[in-house]
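Both of the next two complexes hold subunit A, though its partner changes from subunit B to subunit C.
Let's turn to the complex of A and B:
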């Protein structure tokens, strides 16, 4: 099957920034596939999503060999076509459910506005069916409520319903569950998984949480300081990480089992480097070569990794 | 031994327009000297209300909040000040607790000035000592908050909180706003500070996995009530309340298998505040173990279920037995 989204050599630079926020990032989202961008604040994961969806300020410099959705060039697409796409094949969900809603208008009015074409009664009918599908009890009545009557989890579900009613082929979800409680998060993730299977939906997931990424993606890109540190099938990257950063990130996650002290190898956060490997300042294996020469991505084991030192000696003992 | 902090049957209700939130409905808990207690629950469970009452920032409607066996609210001004020096706080948003126009050194020395500890030179020396203790360069005293990262600012807040050598730290979601690697560093810093100073802590979080790394004992709140408490390892290995079990099942670990799916789908997204039965157990709408009696009969009180353990659930017995049989297989 063909790819839904193709990104080749994407670079994004904010005005006056010392280095690009995203540098040479390439990936594809295959039909029905799910790709995750993972990294910490400043890794460039959200900037990548915003660049792809053309939501960055025009002053931000975006260059790429290709950014295309189903073969259509997203970077050179006109405003009108872009808007149609956002209401059609390309759906988006963001982190803060409250920020996505206008507090002064009812859920129903906001969702109906997004729907074009059919008669109001018919549009409403479709919405009600969607809302029921995403687990809202008594949707006819609840849809007349205002956003502040809804819990965060419910708002995020309603938003998802509003996006999915357009039957998108690709869902771009930027930290869709990070603002929610763990129990609510688990339910919403299960729901997204179900809906993806039912609708044959592809997904680009942006998350800082490797637990979420493990559940929700087939392929993962680990970003550090705007570059891809490592990428590969999610299960391989998490089970046999080849980049020191991926390993450190995995080790730093609080866990329900195992030792109390977080087995932490990450040093103090270093200033982002402009030459050499961006992680060299924090990496416990770094050599002189790492500090001067930027590593190119290579295939090592089952993943593609940008590290001079891969494979690391104790590749399994992450 | 007198507990550092004790809440006795504390009630607190907030009245809004047409809405009443019973944030604390008879909460009792203790933190003994040197003990680290985790308070866990989701948004709306009342955990932050408990934190604010423990700090004397909110007065309970009824019940008592005791620091060293004494009431904070209602004590003489002088005594209140003395008691307050013993209980310090670290909050979620590192920036909000600091004055953006003042240097880091000024902010860390603020409690020292308020409580008249030492001369100016002694205070400066103490600031340097505190910065070192939290892993920062003493030269950071000259910086402004805007010149520091979130993780560094949270270190500053910890330095400030321990400036008066308190006996108890109340920490409300202190690592929730941080990136994973920074979060891990701050968790380890809390462990270090606790070990070195032997300080007691009430550590509040929605994230059981974070809390587990830090605390000896966990108290789980749901809809304004304590529903379970117990020693950390036992409670995580074998929860005695269905809500605790749901919380554990919802924790996503990158290498966890798909276990616990049944529990997860059995819960529904009802926030603690809405759709809660009047009389019966508030967890009923989300509980996979609920039976008719759970919503028809008044909610059961917290009752012992094992050594150091207690659960407020009519059906705890099922979980206690399930836990006993699995540990027999080990």
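Let's turn to the complex of A and C:
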């Protein structure tokens, strides 16, 4: 029972979608551990997070062998229990801080909505203390302001404070910094890292930014078209990628020095194939087998990879 | 910093305080109010002038109608001179504007009394009908729209969708007649027509609003009777417009429910009721409030048919009779009253925006 979050064989299908947005995804987040989901837009990483936390529209079909939080079944949990969990063990931070706040209500009112127990004054006290710790000046007064009085970075900090006041065991962060500029992003990541060590918080991080992933996670899942392309310890996956997609992703990072690497092949996830390897259409190494037979995950080197061709001949050549 | 706040169908008007930038806050507010009143006068003037022109262009001769069908040419000419209709148009127009400034709308050919007296008698009846209808319209429309947005695939939503289409498709006078025939005439549940009778209940006519007068007199049975008379006309009036508010509310609410802050509120553990009513509704109301201001005008226009069907002694019935006999002074006066009411209601609606959206309150 040392795993905080367990997901086994998760499949998510939107109504009228040609293929599932998430298909057969399994992973665990160990206590105090940090797992990252990476992939480009449409790879199913956000959908995975939303499905796990039951925030998808009820019309979306979610099936899994298991989705559990500290041993409790999240998918079959009643509404009351789920709400209690969201006010307690499970915290979430989302992408666009400005859109995450209701423009018509003050910061304080919105955050107090999620706080249970004790007197309002006492709850407010706790919130103020949190706000001060995340670096908000004069929180008593500032919390009575509306979201449009805050910068994007400060809104995200306030959101984080509102989540952390619940003392969660797991933080699900969906692209927490991608809407912010680089310096603010670095500050926020440092803050999350610090709070994580202080509170012994586990984290599920969703990001398309491999730099953030390298810094913030110890295990990574590379998703492509709703399937796991490759997973393993973050350092291994980033240093010795076995899946052509992981390599292309790494090569697509712009660098200041050295020759330009091969850019990611043209194409989008939405055009992914329904049979064979989903990446076959964009893969530089694709064979006839890739186009007809879906690869099963195999252990190659230090990672688990879903590719017929792994291990690739020369990892450095990419 | 891109998307600020609720995406709305109609952008709320920004307060016109620009002119006095730099002045003190009260001074700027006073200036703003004066600007608004100035515009109101311009709108009323335009409406009056337009109606005046129309009343003189139509191929009907008010003098002929006033004099009666049996009147000879001399008598008609006499009436024409009496009514000032033999004067040049420009002079008639200027005289008319001068009269309005002193609330003199001329005499009615039909009632042979000053139009102002007729208006003061009819206006409370219509306002009572419209205000009650408007309140019910707003509450029911908003409620149904929210329910529809929250459970778009439910049975209730299908019923609402079907019901609003029927309501919009059925003409208001037809619905009025059907209600009258079945609920009043056949079943006898409601009075067929008219309003509460002041004499029957011994209630004094103070405000002209039957419900308020009954309450002022402390006469509950009179109050009940006043309400009873309101049920059918209000129902007909509301049903004819309900689709507009319900559908706009649904669209606006559905739009808000898709926004990220709703997901964040749920993720925070807010109850579903709180998410819908406290978070989303406030933002969703914005375009609906704009529309409600406009709808007030439609309800006012709808009273003409409803009042004729239910013999409701208000402005609509008065207008109907004036139109029928081409009694041009009441027609012009009713135009003015309707325009002023419409503009004032929309100005009042403008005061609601800053309550809904705090960003409009600020002048930093």
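Note that the second predicted complex is superposed on the first by the 302 of 318 C-alpha atoms of A that agree within 3 Å, B and C clash if a C-alpha of one lies under 4 Å from a C-alpha of the other, contacts with A are read in each partner's own complex, and residues count from 1 in each chain.
Keep in mind that, in the parts below, a residue touches a chain if its C-beta (ideal position, glycine included) is under 8 Å from a C-beta of that chain, and two chains touch if they have at least 3 such contacts.
These numbers come from a predicted model, not from an experiment.
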First, second, both or neither for A:59, with subunit B first and subunit C second: second
Which partner, subunit B or subunit C, touches more subunit A residues: B
Partner chain(s) touched by A:162 [first = subunit B, second = subunit C, both, neither]: second
Touched partner set for A:84, first subunit B, second subunit C, both or neither: second
Partner chain(s) touched by A:279 [first = subunit B, second = subunit C, both, neither]: neither
Subunit B versus subunit C as contact partner of A:152, first or second or both or neither: both
Partner chain in contact with A:183 - subunit B first, subunit C second, else both or neither: first
First (subunit B), second (subunit C), both or neither touched by A:248: first
Partner chain(s) touched by A:100 [first = subunit B, second = subunit C, both, neither]: second
Subunit A residues contacted in one complex by subunit B, in the other by subunit C: 152
Of all residues in subunit C, those that touch subunit A in their complex: 1-6, 153, 259-261, 263-272, 274, 278-279, 282-283, 356-359
Of all residues in subunit B, those that touch subunit A in their complex: 42-43, 135, 149-151, 179-185, 187-188, 191, 206-210, 212-214, 236, 246-256, 261, 264-265, 267-271, 274
Subunit A - residues contacting subunit C, complex: 50, 53, 55, 59, 79, 83-87, 92, 94-96, 98-105, 110-111, 113-114, 116, 146, 148, 152, 159, 162-163, 166
Touching residues (chain side subunit A, partner subunit B) in the complex: 40-41, 135, 151-154, 157, 181-190, 208-215, 238-239, 248-257, 260-262, 264, 266, 268-269
